[in-house]
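First chain A sits with chain B, and in the next complex the same chain sits with chain C.
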Partner chain A sequence: MKEMLEKELDFDDDPLNAMGVSRKSLVIFFLIDTSGSMKGTKMGELNTAMEELVPEIRRIGEADTDVKVAVLTFSTNLAWMYSEPISIEEFEWNRLAANGITNMGAAFEELNIRLSRNSFLNSPSLSFAPVIFLMTDGYPSDNYRDGLRRLNENSWYKYALKVALGIGKEANDEMLAEFTNSPDTVVHAYTGGQLASLIKKIAVTSSQIGSKSMTLSDDTIGEIGVDDVTDSKQRQLEKEIQDIVKADEFSKDIPFDSGW
Partner chain B sequence: MLELKVGQSVEIEYGGFARVIKVLGSGGQGIVYLVEFNNSHYALKWYDVSKIANPQAFRKNIETNINDGPPSNKFLWPKHLTKANENGGFGYLMDLRPEGYDSFVDILNMYKLVIDPLTGAARKQPVQFRSLFALVTAVINIVNAFRQLHRAGKSYQDLNDGGFFINIETGDVLVCDCDNIAPDGYNFGIGGKPGYMAPEIVRGISKPDVQTDKYSLAVVLFKLLFRGDPMEGEKVVKDICLTEASELKHYGKEAVFVFDPNNNTNRPVRGIHDNVIKFWGIYPDYIRQAFTYTFTAGLADPNKRIIENEWQKLFTRLRAEIVSCQCGRTTFLSAFENLGDTTYRCQRCGTHFPTLSFSNVDYRIPIYQNARLYACITETACDDFSRITGEVIENRLKKGMLGIRNMSDKVWDVKMPDGNFYHIDYEKGFPIWEDLEIKFGDITAKIK
Partner chain C sequence: MFSGFNKTVIGGSHTDSGKICQDYSEYYVCENYSAAVVADGHGSRKHFRSDIGSQLAVKVTLSTLSEFLSDMDEFEKSFRDDPSRVIKKIQKHIISYWNKAIAGHFIGVPITDKEKEPFTDEQFRAIKHESMYGTTLIACVMCKNFSFGIQIGDGSLVTVNNYAVAQMPIADDESCPANLTASMCNTNAIDLFNHFYTFDELMAVFVSTDGLFTSFGSREDFQDYHTILVGLLDDRDAFMNAVSKNLVKRTNHGTRDDISLAGVYSQNLIAANQEAIMSQIELNRKMTEIRKAEHKAKIEKQKAKAAMMRNRSDSAPEPTQKYEMESI
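Right after this comes the complex of A and B.
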């Protein structure tokens, strides 16, 4: 009887029978302006840069972090490229087309709804604060301040690493700094070559910082307090973005906004 | 940073040039390139010197390490320094990772991404140890590598999941990223990774040294065996968003081991930490106690962390206690039913198997077909855990009759069923019977 009972039991005591380690999640949000003014070279460069970026950031999370990507496009209408964040290992870029006006405020409101445990940030395990990367070539057509006010009340947004890339002369760096809360994480591309290289460098840098645990500075002396580490990733991001801007050789191409 | 270009040549300190072939990977301190030097391929780690606090001291330390040589053959050690270029940039050459080794990261994830060279599409390929024996051997090899490093008076400093390659067939280990290894007590600016770093480093009150290495080593071993984080439980998951402040708290100031017997605030959570919950129940007590000691008493007191030699003994025992039953069930002896004497029974298929006591260790070794004995058990004062000295085989003429074959270069004296002792030479065997006694020189093994 005893043996019969035991045979019924499933001896799940094989120490090799494991699942992958539970990982922390990081969602990288791309907010992309697809208004009519983005048509042509800008959209072409952007699409190509994003296609090439995906394989480059695939292993950024390593064992610790499950990196996911969510892409929101805004013009007259809003659209998510996929209905939920997609793991970077499976993500495929769908080429975007440009048309319509720049409803950036609506995009901020939509982002606010998705930056929630009940929506896009629903990993059962731990999450790192998201990375939010805004790209635009113009000034919002709608009232963006209401959306921004709502975002500022969202804790995920508060902790998020925020970067903005202004494309061409029309994009307003001051407005973009309102979004990122820091002028140091706003960069500007004037040429096609710059646009492609900045998209990649910024996305790689911000997702590297976002997906990693805090790093200790070398010159710490004595017990570290919460104040010492708060926003340390944001400060690291600001510094590295400024390094990228400085290192970026201004190419001699014709600026986007000239000649048409 | 100043990157190298494909085709570019870099001058090696003691002559010759290394030519860059392609990028292999990038890390916090620089980029690793595949290069050709003297008609051989090497990996070149090229530093972003702006990220190194004191490049001269850092370079000098690597030079010292190259001159000292690796503590054992388990290290992918720096081989040649390059000359510094006009911007102060420099790097060093090391051997490439040999075929057949997987990264620790892929082992923890249980898959690796294989990129199709034509389409660029990524495909997942499973990564899993071929046997429990290979897993525990890898653990012993890691412990042994750090024991040798520490005996050489050096510390690894930033021990984390990026630091190892493991052969999942054999359990062979290669320690990589050896460029931060420094004499104990010295630090060239590297901090480490929360979760792997000792709490006193996270808190900023200590610099990496041999004692903090011991903490990181215990984390690496825990992750490899239990497939989860020793400090990540209910208390940590409640934070939802892992900010810098919560890392400082949960891995530094208020770290609590998930199985702390005196603090149940941070237990593993079902649905998230299922591996840890399951495996904690499978490993024998002495393994659980060693981790518990290191992650409770050893959290605040670096002297209360299990030392490498102790780990090596514990895992040598664990490996000797692996039972591969004929029904296919493979697990540790403690999971089988003890029949009151020295015999055990598999609850799944009913097979009985005996165990041998050894006069030099305080545990018994299970005897089943294909089980092996190692020099560290059968030879006096020996810690060689890889040399096989005996194996359990089935008699060719009498099916079902098990015996032990002497695979060592020593002569054993064995008590046979007629009551007399006989000399057993290399490659000779003897049956396992109820009153078996084996004399390996000073060491005696008995069934009863």
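Right after this comes the complex of A and C.
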């Protein structure tokens, strides 16, 4: 049969090579508030930052990880930018517009449905827990706690690297810390420059940490377990985000909330 | 006539770090049934004897099956009455025998200073003996009139029916994202087992550790791979050679994990259905091309729609205020 497969079906020397070998993969989820209060500078800066971010994330994926991106926008309605996570190589940012109210709870419910082997996480090569990056400038208009409770029961969410970026003074850090499960992975942008800088630095940092091999090792104890790796990645993310926050100085920028 | 095979290759990352293989696989063939088993020891710090755990899991599974299937008529009668109850009973026995086997090993081979070295006394005391040997387990059994399989933890079981169509009858375990997995060492292991059974005739059943599945880009590719495997089974030596080479390639260029693949098959059915197998392989290839083209077209359509909306908003007048504070 091997000869038949090679001759009649034009397989190369090894028919089993017909199915290519996949690299490890990572999905980065962006949850973006597109409610009316994001109109103007906030949305403009966010769009520009995300456009500039794509090539930077592409470089992370060049090594040995297939990075995929999924973007969920939430306002009065929810919308996925693409109908499934797509490879960063294919990804193009579609500029977002702002309007409506902040149905963040509905977004959490939607994310919970998609964080599943039967939905967005159906790729066999998915080797890394996802990165989830939430950006919002306000408090949810709906009951977010039900959605968050469901997310907390989702194993993918539980082991995901979660980061939240509050935009402007109305964003509630305590609520965002409920989402990330740690106040150290919540950051706040008060100005346009800060917003653009933080989006890029945090997305790149969390993607780099997220796509690190699951089996870390050191000289003394050899391979570390999966739970240890998850904790280790989370701690590393918290530290690096705090370093980014300390290093960022945009005091001369005009704050969003000054009314310009 | 039943036949079987097994192959385990060490992961690329394990070779690089000088670590031993944590996978184990075996198969058994007799007149009445054939069975193939694979196990993937967790291999991380606290599971430092998981290579032994996976080996013991495979061995106790084959001996348990031998015990249950020794009287095939009696077994088939019970199985036909209530397959799930019989399978559950087998699972319970496997867990019990595995726990006895690892307890025997723990007593017979005392923990060495080197094994304790990575831990503080407090950390070491906190590790359950079962955890040291933690492993997954997947087994399949083919009998004349029925087949079944059991699974705890990640990895895959694929059946190939008489039309050479490959299927994965055991649902994915949503409780185990990414590299996390259920294990024989869990206290509730019996609740974490999944199973399948069928009374339909099958050409082959394959079991594999997760290193194989994760080397594929899609579930469909993974299933189609098994139809090709069936297509190669008519020449056992060539088959083993091709599988060995391919598994080494998959671990070195894929997720670099250990890979085990084992299977049982009906030589007669495969020999009698060569044309069907060829047709299915060809159909799978066409379907793959169609899926790729559809995916590309879908993404392009979404990009075009977004560009159209962008153009519309670009031509709209600029808002009078650059930024509005709206109370929401």
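Criterion: the second predicted complex is superposed on the first by the 218 of 260 C-alpha atoms of A that agree within 3 Å, B and C clash if a C-alpha of one lies under 4 Å from a C-alpha of the other, contacts with A are read in each partner's own complex, and residues count from 1 in each chain.
To be clear about the criterion, contacts are C-beta pairs under 8 Å (C-beta built on N, C-alpha and C of every residue); 3 or more make two chains touch, one makes a residue touch a chain.
Given the structure is predicted, the values throughout are model-derived calculations rather than measurements.
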By the touch definition at the top of the document, which applies to A:Trp156: first (chain B), second (chain C), both, or neither?
both
Tell me the contact category for A:Lys233 with respect to chain B and chain C: first, second, both or neither.
first
Regarding the shared-chain residue A:Ala79, is it in contact with chain B (first), chain C (second), both, or neither?
neither
Quick check for you: in the superposed arrangement, does A:Lys24 touch first (chain B), second (chain C), both or neither?
both
Comparison of chain B and chain C by chain A residues contacted:
C
Under the stated touch criterion, which partner chain does A:Asn118 make contact with: chain B (first), chain C (second), both, or neither?
second
Just to be sure I read the superposition right, which of the two partners does A:Leu16 touch: chain B = first, chain C = second, or both, or neither?
both
With the two structures laid over each other on chain A, which partner does A:Phe128 touch: chain B (first), chain C (second), both, or neither?
both
Answer with first, second, both or neither: which of chain B and chain C does A:Ala97 touch in the superposed model?
second
Partner chain(s) touched by A:Ser37 [first = chain B, second = chain C, both, neither]
second
If you lay the two complexes on top of each other, which residues of chain A touch chain B in one and chain C in the other?
9, 14-16, 18-24, 117, 124-129, 155-156, 159, 213-215, 217, 220-224, 226, 228
Chain A residues within the chain B interface of the complex
3, 6-7, 9, 11-16, 18-24, 55, 58-59, 62-64, 89, 117, 124-129, 155-156, 159, 212-224, 226, 228-233, 247
In the complex of these two chains, what residues of chain B are touching chain A?
1, 28, 53, 104-106, 108-111, 113, 115, 120, 122, 124, 128-129, 131-132, 135, 161-162, 189-195, 197, 201-205, 223, 225, 227-229, 232, 236-237, 239-245, 247-249, 252, 271-275, 278-279, 282-283, 329-332, 335, 347-348, 350
Residue ranges of chain C in contact with chain A within the complex:
13, 17, 19, 42-47, 118, 172, 174-180, 213-219, 221-222, 224-225, 228-229, 231-232, 234-235, 238, 242-243, 245-246, 249-250, 253-255, 274, 277-278, 281-282, 285, 298-299, 302-303, 306-307, 309-310, 313, 319, 321-328
Which residues of chain A touch chain C once you look at their complex with the stated criterion?
1-2, 4-5, 8-9, 14-24, 35-37, 39-42, 44, 81-83, 86, 90, 92, 94-95, 97, 101-102, 116-118, 121-129, 138, 141, 155-156, 158-159, 213-215, 217, 220-226, 228, 256-257, 259-260
